[in-house]
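Report on the following structure.
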């Protein structure tokens, strides 16, 4: 791995973000990334965070039109409440702060604690849980669906709404709407290696793949003999469509897990479009790249988000962050 | 690998690019990617290309403010002259076309043939060779320095100059200036796997690394026991600075080879900044990410480009491509 | 100090010794978490208890309750993940239940831990049988009625009993039936904490 | 057709047989290119000669020169890389040198190939000893004065002689001294083309 010591990878990366992005204030000591002009007068503060290892999510999505702050935890470990409390204080302009939380037990618990503590400090806080991964059965027998690729859609669209000056309840409602209309499915062709462990998180012989993986190097729901890009798109898009049944056009995120070349991702994007056309699902926009990653895992995920005209307008609105940037 | 059959990876990827980027015209049959509004009246056409496997280079850099067209070859194989001739015809507005060519024997020969053929068709063509890799001794005993990371700087800055309406000789001169003031050095922590070969292009035991690699999965100049990010930055930046000796501020590209997580790249960027500060080299801008890749190779490269006020202005100018986008 | 009177120093020793045992077993905890989780439980516990030991050394609280509350706060502020808030809550609630007594009896500790374990169940929504730390914590607290050694043995047995279970809470639940056949990392670290308690108690 | 009179059909057979032998040996060529290059020489040659065979089958040219010129054009238009323009130039220049004769003698072919090989040298700026295809092509053309078999043997020997050389041209030159100890892929494919020529000549 390209690193110094495993204990410092997150701090080292934050130093690099500070060096590369003068528009961000990176508090390495306290693990908080805030846009330089925060708090933005009259604007709801948008805050997210989670374990590191998913870059550019979340720190790379801080900036005008998206997040006001991000709280990176250790690799694959939710941040601690202190981080969110500090970030909330930094971005609150008096209009309140919205926490965007991926649905993992650790994230849920730490953000919940932070919400209470921030409210104790007089900050108005609301939270929205992102839970889009259809590979996980949503029942009382699981921790519920994981939050994966839809996080990008939620952060972008809610960010645009906040940017327009929408009040907290409205930004929260829009974020909930995006979550409700988004579904994902991921596959791994090779596991990832965490700095702390230093070896692959699971064994996956060449010639096999894992269907239904998340973004934390966990094994998936099922192991299969290697499939073609065509076959994988069939399975992934079918899993998503079966659950989502969109009647409106969709945003498509063809997301790389980290080590899959863009060349392959684009080929996979073509297959995803093929299946969508076969299933008569209209495509509004397509984004292809490494956005919600799992360190150096090879593989990809597909996220669809059904959008009406308003959500599409918010998606197209200008955004200016290290990881997503257009329209300005 | 996330693919169907090895023979079709490039065509499959082009289908995906066509689906994802309505601003581009992607001719899958003839392997040419052209911005939709080409030829742009009164503007010099900027054209590049090379083997595939380096995405987003070059196809991802087609758009306003950067390239007018790109010609993707097979994986790690220069494109054929027919592609460049067709692309040149598509982007020539009568102001001439500039070929930006990475210095590899194959690229040089195929672009040279294309230049002759295009000139036969009455198109004014000039060419600039990019050769920035200091790991290769530039002597009559080699094919000369490879073109690597500096290609991004050349395409962006020459693209901005063309966008401003500069004539062919001026755009060519600026491209040459960027090449002359840019140097790179790359390291590999793990080899890549080409679709055609299906196995790593060289053996690199865990715990060792290759110093001085290019972007085609070739072994480097030297194999060493694994080094820390700190040590690698020392070696890489020293190699570049020894050759470049910048007196003006530099653009810094901390480029991932494909499979190195952004988390690690940012940590490496911090180390690169440290060395630059120690060596009293001023930094104008820093870009961190996977821009000039080598499929799924793990590793990184550092490119520095010394810039005066004019080049910096051109670097900062708006650009609107799938792979690089700001200011508009 | 009588066998049944535990003072602040005893709890500091428990926490400090826990930092050592967690540090020693970190790789194994991570390995277990790698099979059915995300391979961070060992480093999470190591980071958290190292902070606990450091904080207690720097400013040793005067009462058993204060020791556990300070330790819990450190865990909440340094661990993250699921285990940070859960173990943090365990220790804080237990400490709170102990009040500001200078010494507590084993029975008072057992009652305190019961409150702590119940709080963990409430916070995480899990019950014994869900393949979590509760499968070690819950029987351990009951067995403390007998002895520290019995508590440690019950925790260990509880942790080993998670192997055939299918996870219903936490990350491992994503795996469905594939979570069967692996020991839960959190139950394993809980057993480690009770083993350390028994050692410290002598 | 006398032994020394080669017609268009002979050259079509050479090219078609070359497509077969290149296809058969593609993995080995790629393996060699993997050691000191970029692991594409096998697929490059396979793609190019498959196109050549297809084009010649679709529209067989009438003269030896036209066959080689058409083949060379196909290579230029389908191979890319260094080998596309170089092998394309080899065949086009050789074809050009053969003019529009309906049949050519072995000696005329040798003279034509000499022009072709010299053009390769000029285009790529390499000379024998630089560890390129020229190390097989150059001695092979000279040996053609003796026989097809001698040419094939000389090409093979020339290819094998590249093993101890340090590359001074092409990608392998980037490796400096590390290029020593590996056989050049282009020299190897050149030897293959001459071996096929000898086979076709019977």
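Here the chain labels run A, B, C and D in written order, and each chain numbers its own residues starting at 1.
Here, contacts are C-beta pairs under 8 Å (C-beta built on N, C-alpha and C of every residue); 3 or more make two chains touch, one makes a residue touch a chain.
Just so we're clear, the structure is a prediction, and the values are computed from it rather than from any experiment.
Student: Return the chains shared as contacts by chain C and chain D, ordered by label.
Tutor: none
Student: Measuring centre to centre, with centres taken as mean CA positions, what chain is farthest from chain B?
Tutor: Farthest by centroid: C.
Student: Can you give the whole-Å distance between the Cα centres of chain A and chain C?
Tutor: 31
Student: Measuring centre to centre with CA averages, how many angstrom lie between chain A and chain B?
Tutor: Roughly 29 Å, centre to centre.
Student: Round to the nearest whole Å and give the separation of the Cα centres of chain A and chain D.
Tutor: Roughly 53 Å separates the two chain centres.
Student: Using the touch rule from the top of the page, what residues of chain B touch 2 or more other chains?
Tutor: Residues 75 of chain B each touch two or more of the other chains.
Student: Going through chain D residue by residue, note those that touch at least 2 other chains and give them in order.
Tutor: Not one residue of chain D touches more than one other chain, so the list is empty.
Student: Let me make sure I understand the interfaces: which chain pairs count as touching?
Tutor: Going through each pair of chains, those in contact are A-B, A-C, B-D.
Student: Give every residue of chain C touching chain A within the complex, in rising order.
Tutor: 30-31, 34-40, 42-44, 47, 76-86, 123-124, 168-171, 173-176, 178
Student: Can you tell me which positions in chain A touch chain C when the two form their complex?
Tutor: 6, 51, 73-82, 104-106, 109-110, 113, 135-137, 140-143, 146, 194, 196-197, 201-202, 214, 216-219, 221
Student: Considering the complex alone, what residue numbers of chain B touch chain A?
Tutor: 1-5, 8-10, 12-20, 52-53, 55-56, 60, 75, 189, 228-230, 232, 254, 258-271, 273, 283, 286-288, 290, 293, 295-296, 298-300, 320, 322, 325-328
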